[in-house]
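Next come the structures, one after another.
Okay, so subunit A shows up in both of these, paired with subunit B first and subunit C after.
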Partner chain A sequence: MSSLLPPTKKIWWNEPIHKSELLWISLVFVWGLVMTFMMPYWHVVGKQNLGTETYQTTPKAFQTTVQAFVDKYTVRNEGPRNYPVVAPPAGGDVYMLARLWDWWPIIELKKGETYRFHLSSLDWQHGFSLQPANINIQVVPNYEHVFTLTPNAAGEYSVICNEYCGIGHHLMIGKILVVD
Partner chain B sequence: MANNNFRTCPDTGLKFNAPAENLIKAHAVAAVVFLLVGGLYGLMVGLTRWQAVHLLGAEDFYMVLTLHGLNVLIFWMIFFEIAILYFCSSVLLGCRLATPKWAWVGFLLMVIGAVMNNVIVLQGSSSVMMTSYVPLEADPLFYLSLILFAVGALISCFVFFGTLVIAKNDKTYEGSVPLVTFGAITAAIIAVFTIVSGAIIMIPTFLWSVGLVGEINVLAYRMVWLAFGHSSQQINMAAHVSAWYAIAAIVFGARPLSEKVSRTAFLVYILFLQLASVHHLLVDPGLSSNFKMFNTSYAMYLAVMASMVHGLTVPGSIEAAQRARGHTAGLFTWLRKAPWGNPVFSGMFISLVGFGFLGGITGVVMGAEQINILVHNTLYVPGHFHATVVLGSTLAFMALAYWLVPVLFRRELVWKGLAKWQPYLFGLGMTGVSLFLMGAGTLGVPRRHWDIGFAGTGGITHEFPAAAYTMLALNGMSVVLAVFGGAAFCLIMVGTILFGKKLGEEPMAEPCMVAPVTEEEYNANGGSAFAIPGTVVLAMVFFVSFALYYFINWKYLAETWGIG
Partner chain C sequence: MRARDDLSYFKLELHKVKSMSDNDQGDSGQVPMMQKLLDNPFLLLFIGVASPAVLYLGWGIMEIVMIPAR
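Our next item is the complex of A and B:
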């Protein structure tokens, strides 16, 4: 009798289970319940629950929306690429687009305020990776993902791409500035 | 049917059917070849990520990374798993293999697909990573090569199912199939689901790449592709858990503590594992939180429970067998007296511990809906799956190969001194790879990224902490160690097949299989046949580590920006 041979007792499903096995099964089952419960629990008490609001869009439509947002709220241009720095009103909407290979525009936020972010891609899939806050969100074309972010510390944050998007993937970087 | 093409192995007493034996050999050899090729690509990846070495240019890096993933994650694994399926059906049940001709067709399609895939990617226009997320587009032949490989694997699965039917009809075994065969059946059932999902997404994508289909929906692609890409890792897991049980029986003569518990745990894999692929989509747009929570918990973590049950019963069955054979003192004498110099055992045990502690815990933690925000697509993800797939599956398969290859080819294992150290070398290297990649990922380092120094962006940079660079350097060193270990394995296998001392009808120098522990031996131990106090202590250590790490990550999450 071994795991390589058929069970010696033909009616093996009636064999009693040893108590150490039963104990372990009960423990891991309860643990599974705890872990299952943690996710809805965090939706109630936690402050990090990614919103799921999503709209269909097109690269062209989204680009137009982002352009209108940039035209309205640009406060200055800066950086090596002379990109617009856009400071939307506290609590307002923020539009950011991903494209080969950058994030556009630069966003300026106020610490402690909550903003509604709208993200989409103009071409391939990208990964919005906000560093060093370490917030990572998938960005895909044709879908506009809406969620809120509330910065908790001032500073310069980078948005890097962590979904492979072709040969310039490692060049794809943008900025979010948080001021007091 | 002709019954004259069976031989009985003088070392193991197993009955080998010639067509099955040849097919197992062919699949095992192909597997080792792709492991070697994929491992060398992995070396180049590791040495490029080590920022001070930065071996390859960007274009080559993305190409080689694509090749590394496909060769080791798909080709090595599936070839070896088909070998396991044929072994668990034809050999363990002592019956002839169903339709050997179809089995060879399957094998040939897999070889053609795998070789073609390497050739196409090496042309440079299909550096799309294993996931090939649309609308990033590869050469049409890239998709076609994967379809061919998948069709081959599917045929092989059905040859396996057919063989089970033959064994049943010919009554070559009594009662139920052995536990190891049962595990292989679950792997094959998951494989069918996986391959069908692959076909559902790869065939339209192929048609899209040649212009016959207008558009592939990106979100649908992600969901269906991951039902293929993630589930294929579940085949690996079901197969390597079967290998663990097989090795416990080979090295210790162990039987499962309870047939009912172990089989139910395998069955639960089939019922709940597929849901798990959704944990790749936790930060995708368009899916509701309820959908994410239900699926990512594999419906209340039932498949995780199954793995944790195997995690107890495999070492538990070893402990019970060792105690029955007289190693009864204290908590851990059974473990201390295990044959640590036998690569079949040491490889299996390192696989068990690495898979559980490094791969299992981190996988479950990062699969929680909200915690995933911290790690999605960072290097943490490859860190995790190098613990599950490489430390877990690959090392378990290596361990099994140390036993299977000499038995199949009737040759003595060569370079036994090297073989003794190989699992430790590979295990240590891969533990390093896993830990340091996860460490870098925790610091935010992205996966599949050529240069975290951001040279070439025209001055827009991000300063990763110095620790991230240290992690990548340590990862590079661990990769070198692991590649030495992996190359040693390939050398020993090829050496054994080509130069190992021919055994003929002679038994091996050392017996390669321990006689099953008998009922009397189990009961002689004071009636406490299945008392496994040592394993229970190990399991509790595991549980406490798991719970601590789980809640620490919720604490990390609470410290970042508000996300709503």
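Our next item is the complex of A and C:
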């Protein structure tokens, strides 16, 4: 009943606080500080810091840029759908587009070299999830997201779409090859 | 003795609390600012809606409209 009734004193603010409540508030406050400062700390010492470099674009403009990139640097074709394998120059720009239900093209990179990746979507929201690295980026139409990547081990890596995008979402797997 | 129903019991308790607070010597003086804030549910509601609206929505939209064109 006491929670339904008004406080017994008109000025209740100065009532002494119970030790257990003070302890609880202190613990919660300290934990809040820990979580708050963990964010900039990990941003500085963490090995994976994706920047926020972003530009406005259009699906048509981005598709034209990607096509020009593919036309210039294709080295061969692969797979049952004859995807172009594109080997950009070291230190250069890499363009990958997301569309229903495709990551295009296949990229071939050199180990130890740094590349600038440009991602955008032609239709709606997709997820760029580079496996097995913990690198995940949301890719949306009309925005070109740019980040820097340096592969440090040779191999074949998958790009999974980790944002549900329709009936073919589970088939939307791209490929990045890293050679020595 | 007449049995009391819930409403009568509530009225009796409310009367007791009112008399206690009327007689309390420590009730003189200005109400502290924090108490004024916490005693005002509509002000708290406004702060609870306005803070995330400004800090998340407003700030987020400002950042998005500032993205440069290619």
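The criterion applied here is as follows: the second predicted complex is superposed on the first by the 162 of 180 C-alpha atoms of A that agree within 3 Å, B and C clash if a C-alpha of one lies under 4 Å from a C-alpha of the other, contacts with A are read in each partner's own complex, and residues count from 1 in each chain.
Simple rule for what comes next: contacts are C-beta pairs under 8 Å (C-beta built on N, C-alpha and C of every residue); 3 or more make two chains touch, one makes a residue touch a chain.
Since the structure is predicted, the reported quantities are computational estimates derived from the model, not experimental observations.
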Which superposed partner A:S129 touches (first subunit B, second subunit C, both, neither): first
Which of subunit B and subunit C A:W12 touches, first, second, both or neither: both
Dominant contact partner of subunit A by residue count, subunit C or subunit B: B
First (subunit B), second (subunit C), both or neither touched by A:Y143: both
Touched partner set for A:S3, first subunit B, second subunit C, both or neither: first
Which superposed partner A:P151 touches (first subunit B, second subunit C, both, neither): first
Partner chain in contact with A:A61 - subunit B first, subunit C second, else both or neither: second
Residues of subunit A that lie at the interface with subunit B and also at the interface with subunit C: 1, 4-8, 10, 12-13, 54, 143-144
Residue ranges of subunit A in contact with subunit C within the complex: 1, 4-14, 54-57, 61, 143-144
Residue numbers on subunit B that touch subunit A, as the complex places them: 58-59, 62, 92, 127-129, 131, 133, 135-136, 173-180, 217-219, 222, 245-246, 248-250, 253-261, 281-289, 293, 296-297, 300-302, 304-305, 308-309, 312-313, 316-317, 364, 368-370, 373-378, 442-444, 446-452, 454, 456-462, 464-465, 516-519, 530-533, 535-536, 539, 543, 546-547, 550, 554, 557-558, 560-564
Of all residues in subunit A, those that touch subunit B in their complex: 1-8, 10, 12-13, 15, 17-18, 20-21, 23-25, 27-29, 31-33, 35-36, 38-40, 42-43, 46-52, 54, 79-81, 114, 119, 123-125, 127, 129-138, 140-145, 147-152, 158, 160-167, 169-171, 173-175
Footprint of subunit A on subunit C - complex, ascending: 10, 13-14, 17, 20-21, 24, 26-27, 29, 31-32, 34-35, 38, 67-70
